[in-house]
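Before we start, here is the structure in question, set down as structure tokens.
Labels run A, B, C and D following the written order; every chain starts at residue 1.
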Amino acid sequence: MNFEHSPRVVQLQQELSAFMQDHVVPQEHTFKEQVATNRWSTPPVVQALKKRAKEQGLWNLFMPGHAHGGCGLSNVEYAPLAEIMGRVFWAAEVFNCSAPDTGNMEVFARYGTPAQQERWLTPLLAGEIRSAYLMTEPDVASSDATNVELSIRADGDHYVINGRKWFATGAMLDACKVFIVMGKTDPNNPSRHLQQSQVLVERDTPGISIVRPLSTLGYWEEPHGHAEIVFDNVRVPRENILLGEGRGFEIAQGRLGPGRIHHCMRVIGAAQRALELACQRANSRVVFGKKLSEQGSVRESIALMASKVEMCRLLTLRAADKMDREGNKAAMDAIGMAKIMVPQLGSEVIDMAIQMHGAGGLTEDYFLAEAFNYARWCRIADGPDQVHMMALGKQVLRAWAGT
Amino acid sequence: MNFEHSPRVVQLQQELSAFMQDHVVPQEHTFKEQVATNRWSTPPVVQALKKRAKEQGLWNLFMPGHAHGGCGLSNVEYAPLAEIMGRVFWAAEVFNCSAPDTGNMEVFARYGTPAQQERWLTPLLAGEIRSAYLMTEPDVASSDATNVELSIRADGDHYVINGRKWFATGAMLDACKVFIVMGKTDPNNPSRHLQQSQVLVERDTPGISIVRPLSTLGYWEEPHGHAEIVFDNVRVPRENILLGEGRGFEIAQGRLGPGRIHHCMRVIGAAQRALELACQRANSRVVFGKKLSEQGSVRESIALMASKVEMCRLLTLRAADKMDREGNKAAMDAIGMAKIMVPQLGSEVIDMAIQMHGAGGLTEDYFLAEAFNYARWCRIADGPDQVHMMALGKQVLRAWAGT
Amino acid sequence: MNFEHSPRVVQLQQELSAFMQDHVVPQEHTFKEQVATNRWSTPPVVQALKKRAKEQGLWNLFMPGHAHGGCGLSNVEYAPLAEIMGRVFWAAEVFNCSAPDTGNMEVFARYGTPAQQERWLTPLLAGEIRSAYLMTEPDVASSDATNVELSIRADGDHYVINGRKWFATGAMLDACKVFIVMGKTDPNNPSRHLQQSQVLVERDTPGISIVRPLSTLGYWEEPHGHAEIVFDNVRVPRENILLGEGRGFEIAQGRLGPGRIHHCMRVIGAAQRALELACQRANSRVVFGKKLSEQGSVRESIALMASKVEMCRLLTLRAADKMDREGNKAAMDAIGMAKIMVPQLGSEVIDMAIQMHGAGGLTEDYFLAEAFNYARWCRIADGPDQVHMMALGKQVLRAWAGT
Amino acid sequence: MNFEHSPRVVQLQQELSAFMQDHVVPQEHTFKEQVATNRWSTPPVVQALKKRAKEQGLWNLFMPGHAHGGCGLSNVEYAPLAEIMGRVFWAAEVFNCSAPDTGNMEVFARYGTPAQQERWLTPLLAGEIRSAYLMTEPDVASSDATNVELSIRADGDHYVINGRKWFATGAMLDACKVFIVMGKTDPNNPSRHLQQSQVLVERDTPGISIVRPLSTLGYWEEPHGHAEIVFDNVRVPRENILLGEGRGFEIAQGRLGPGRIHHCMRVIGAAQRALELACQRANSRVVFGKKLSEQGSVRESIALMASKVEMCRLLTLRAADKMDREGNKAAMDAIGMAKIMVPQLGSEVIDMAIQMHGAGGLTEDYFLAEAFNYARWCRIADGPDQVHMMALGKQVLRAWAGT
């Protein structure tokens, strides 16, 4: 039991924090301006920062192991680094560590054929292209991963795809070149877990319509966006299947653990920054003749905020540690706890920081409102809280069933 | 003690609900399209509905008494009507009952000279122009109403105005013709409550720059918007003063009670609609093989949501009733309770409804995300929760001081 | 819509408050001393106060209508009076308005034969004896009223009763003379709602063992107590049946509405007193050089406490009003809301008052800890929160099912 | 960063759990019976278990370092062991690890003279006597440790003590032989932190009256109890001073860190046991035709309970680790977080477990109600939540003051 990060991690924390402070934070305004001009395109400022980060070796930090550009960080080592990236929404991409590409790269690394890897993983690792993961559908409850309606029908040496997806994060981006698409190849298979497959689809394949971007709480999250996409007799070669027919559910399960934990890490970074902003505000703002920081109720709020951020951090680190030591499957309970509590508590912390900023806290002048949107969205992304509570509760209940 | 509305109110509820159902709700999509084309202009659909509502006598329902177009409804009679309007964000304007115009019309009616009334109140009551109330400033804590920096300096038979305001709701609108501006005419007056005055300023007076609209949680609230405005040596004739120099704080106090309660009423309408949408969703959506409405945790959530909406409603009605019987000042405690609890509980209800809608609940496809923004914004508008808790707590503590 | 009590109620409030202030509150200490000497006997101080209250006409205020000693108060008229009684735990009995006797008297009045009424209702109305209602069993979930295991078997002109009950409130008291016992006369009836009957059993019938009193959160609630009782071949004449065989569930349903609301009213009284005590404490206690009442966080707490008490009060009054106008059955939703929210919010208010009193707040020196126990117990009594949330949720969901 | 306990700790966890399971839990009923007979005396069952635990080397595990019987466990190593002890209220004493003796032994070890250590520390370490720490006074806010009124006046070679203390935990116990008493030797010292001293007083010194035990939430916490004690011209020799005159505040500060963390550890044990009991209940209880464990809302509750227990555990372990690495003073922020959150979240978990047990959950039949009392009491013991929030908030605000 030891709560200190290793010297290597401490060193990386320092480098990353310095990079954020010196190069990323000062560009937040520029980013907004560039994105306003060209909504769905990676802005030049990000392109330049990516180059710099790559040169500095702050690149692909997320990738476990040493193959595929991985620098050998464990989950518990990566966590504090992802937290730092979470302080600016678009910062993760600068270090080629942004969702959904991280999860997709892991999928390619673990399940892709050499040809698929060469075609897609290599440019993804180089940060040259981006990708999307098409899981959620508007007409069914996608928190049940077996519950998918998009059809993938074999037809000679092709698959023909028909259906509708939404909340395809990143799919609006012009640099997005490939979709990993979950659908049903065998809808009548008696096992609900063997009906699904995942296939690779190039974004510009005929029959694909990107219907529209979707907003969350008023944010369009440019330039990556969340897309609604229609597949109308889209044909892809059969070698585009991932892992094999009927194994889509299996891939989905394997992909989700790290993805959820990465979201938690970044939410913690956002909440930590919100706490710091609240402190700065309280230390400078005078109301009714007294600094906010001298008012008892503000001090109580700050204490609760700091405690909540720390609880989130510890829960996430512990889940990461369990993933490292026992594997993603064995760590499902710990991942579930983080998935349930971190977006919830993170939202609360950010909400309190907004409140301390008055009306301005809700505007685009601070990062708070958009941070709230991110934390709030994470309460639904990868399954709403309720689904994870059900699963975790079931597991805990079973653990004590024989007693 | 009687919780039934009078026959006249029941009749008006029915008329208003029918109007909403038949004419307003079906136009929600059209409204968005027209606003997208012309951000800061009242959309044609609203213009047409205003005409219809006026013809039907559903007009200026908010105005107390019978003078100035008032139809003699008390606050407690108006409350359930405002709740119905709150089910669609822009509906209040259809009935000429939208903020900040309602509060401004009351100010004109109560404090305006006959000339001022003829010039501004008459067209406002007719729904021909709109108005804004410029109170909040970016650089000071405006929850302390004495805490204003904008300067109103007498210069011959004019006032010269310099300073910066923000969160001037409605000021982006092209139909907005007049600002009521709070500033300091006598910054050195030993009484902090006599330094302020309110003056009327036409929106197109030279020296006024509408710097930008402000978003809250990603929403720009077109077409009315929240504006940031700079005054640079803006000159207005001295007859534009309201009530007299040094009486700005007094006007501000008188204006706030009804305004807060109107916001509460509309938040209740939004929360009630969110509850109904959640029920409809739960009654139709199947997850893990079972309708949401058959799941215990969903039923518990719905029960809590319904209870919270009802508590908000009762708290607001009781405040309205106290205002009617004892006056706005004596009702400050009851108003404070509603102001504190309704936006908070309303946010919680809407948040739960979002959660039941999954990712879609955060998008523009439902009214939920924007409703959340409205309720959240009301936790800061007219003073953040904390300021009202401080004031109410002080008052309650004093009430039991001698015991 | 009108939040003022009628002149008669205002008059009764004043009389009752004066009685409480002059005669009940000054005896709180004496009550404890007398009860310590003689745990399960109505203490002399209560006997004397009952006499005085009866003489003053503050008697049986709970009884609806004018028959059976009722003074014709409606539920909404009785509510503020029950609230006043709730400020001291044992005060309701002084006015012959204490649970479970009130509910039992209503049962006798509504369902009893003239002979049963003469035998039991008359002395109950006179405050000469007390009664208990035996519903809950330790081995089954009694929140499902059909879920009862005690056997009532017909045998000639007698019933033979076997089984175990617990949480028989009031059954420890030596003045308790009669039990209303719920059990199964027809366990194989295909309708789950026709298997149960209720019979009257004298407390000293052979075969009855009062096993033990039960504590809640460390309180034994002397002198009434909560008893665990075993029935071992207890024989009662068949005329002791209430209403008829198979109608036990029906009686249980009819009895519960008013009982729940009465509990809510008294919890509100306890919470209101806790709020007042907190104010008095805050107005006098100095911490870190400042009165508690001058500290921002204390003011915020007091504001929340006052708001919560008011919400509870309004929710309960509205349920009472709906019961008066539409009947207990139609008011089930409103009763459910009060049952769910009032004990919960009441507990929170009392908990905050304890916290402001420091360690002393948890002791017997203040009424707070025992008040907390009462409010907490009410979250389970007459069915745990969860059961009422399920029922209310189901009802609300159904109301919007067709929309 | 590593969340695994060392092999030695894992070994001790197993031994301790086995001891609890085999010897302590089976005696819970006997403990109650024996205490009922002889309220303020260590019951024979505890005496026997102490002997056994000592023989097994499960003794004085709390004591840091290797001197004074310490077995060299760090705080982070002791934490999971104290958690196990917390599963039964009186279990800590079995291992000579119970409050307030642990804190008192640390005081003797750190600040006592060799003579004081021989006289008091030696028998305390041997478990032959017990001790109390007299800090809190009824008439002042004792959360401000400078705020003490008891007078310790030098008179020749004696001190004369006058004043009143309460919440002297353990002082009711007949085995309690010595009090550490905080009072003012120099009430006029211009430094508020140099006015206090601590002196050792034998419990049977003339002039001491143990006025009464105090209950919390109805519990008397026999046999240790919380005592109210009056000092009336109590004389003790001057060599009974601890550390020196004017150093009482300094000792108080040094004593509090570990004490708070030990309470947190035990609350976690109680909450963990409550969670397990809730699972067992849910796995066996049938309501409305379905096991509780199959109901969605129960699963959600269990998930939240498990997550909260884990957050508490991690927060406490992290504080312990920081104490080990950086010292108690540097760890004040981490200790504060645990002190604020653990009793609060622990109360919530136990409260939810009570709710799942229905009425029985509030009785003495389960350990839940008394566990709730313990967790609730910890929200006030060693300073109410609010005081710790104020201190932590101030510290966090200061940390970000220059940014």
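The rule is short, and it goes like this: a contact is a pair of C-beta atoms (placed from the backbone, for glycine too) under 8 Å apart; a residue touches a chain by one contact, two chains touch by 3 or more.
Please read all numbers here as calculations on a predicted model, not as lab measurements.
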Pair with more cross-chain C-beta pairs in contact, given C-D and A-D: A-D
Chain at maximum distance from subunit A, centres defined as averaged CA atoms: C
Approximate Å spacing (C-alpha centroids) for the pair subunit A, subunit C: 52
Length of the line joining the C-alpha centres of subunit C and subunit D, rounded to whole Å: 37
Approximate Å spacing (C-alpha centroids) for the pair subunit A, subunit D: 43
Residue numbers of subunit B (touch at least two other chains): 296-300, 386, 390
Sites on subunit B touched by subunit C in the complex: 1-6, 9, 76-77, 275-276, 279-280, 282-283, 293, 296, 298-304, 306-307, 310-311, 314-315, 317-318, 321-322, 325, 333-334, 336-337, 340-341, 386, 388-394, 396-397, 399-401, 403
Subunit C-touching residues of subunit A, taken from the complex the two chains share: 295-300
Touch list for subunit B against partner subunit A, complex: 136, 138, 141-144, 147, 166-167, 214-220, 226, 285-288, 297, 354-355, 358-365, 369-370, 372-373, 376-377, 379-381, 384-387, 390
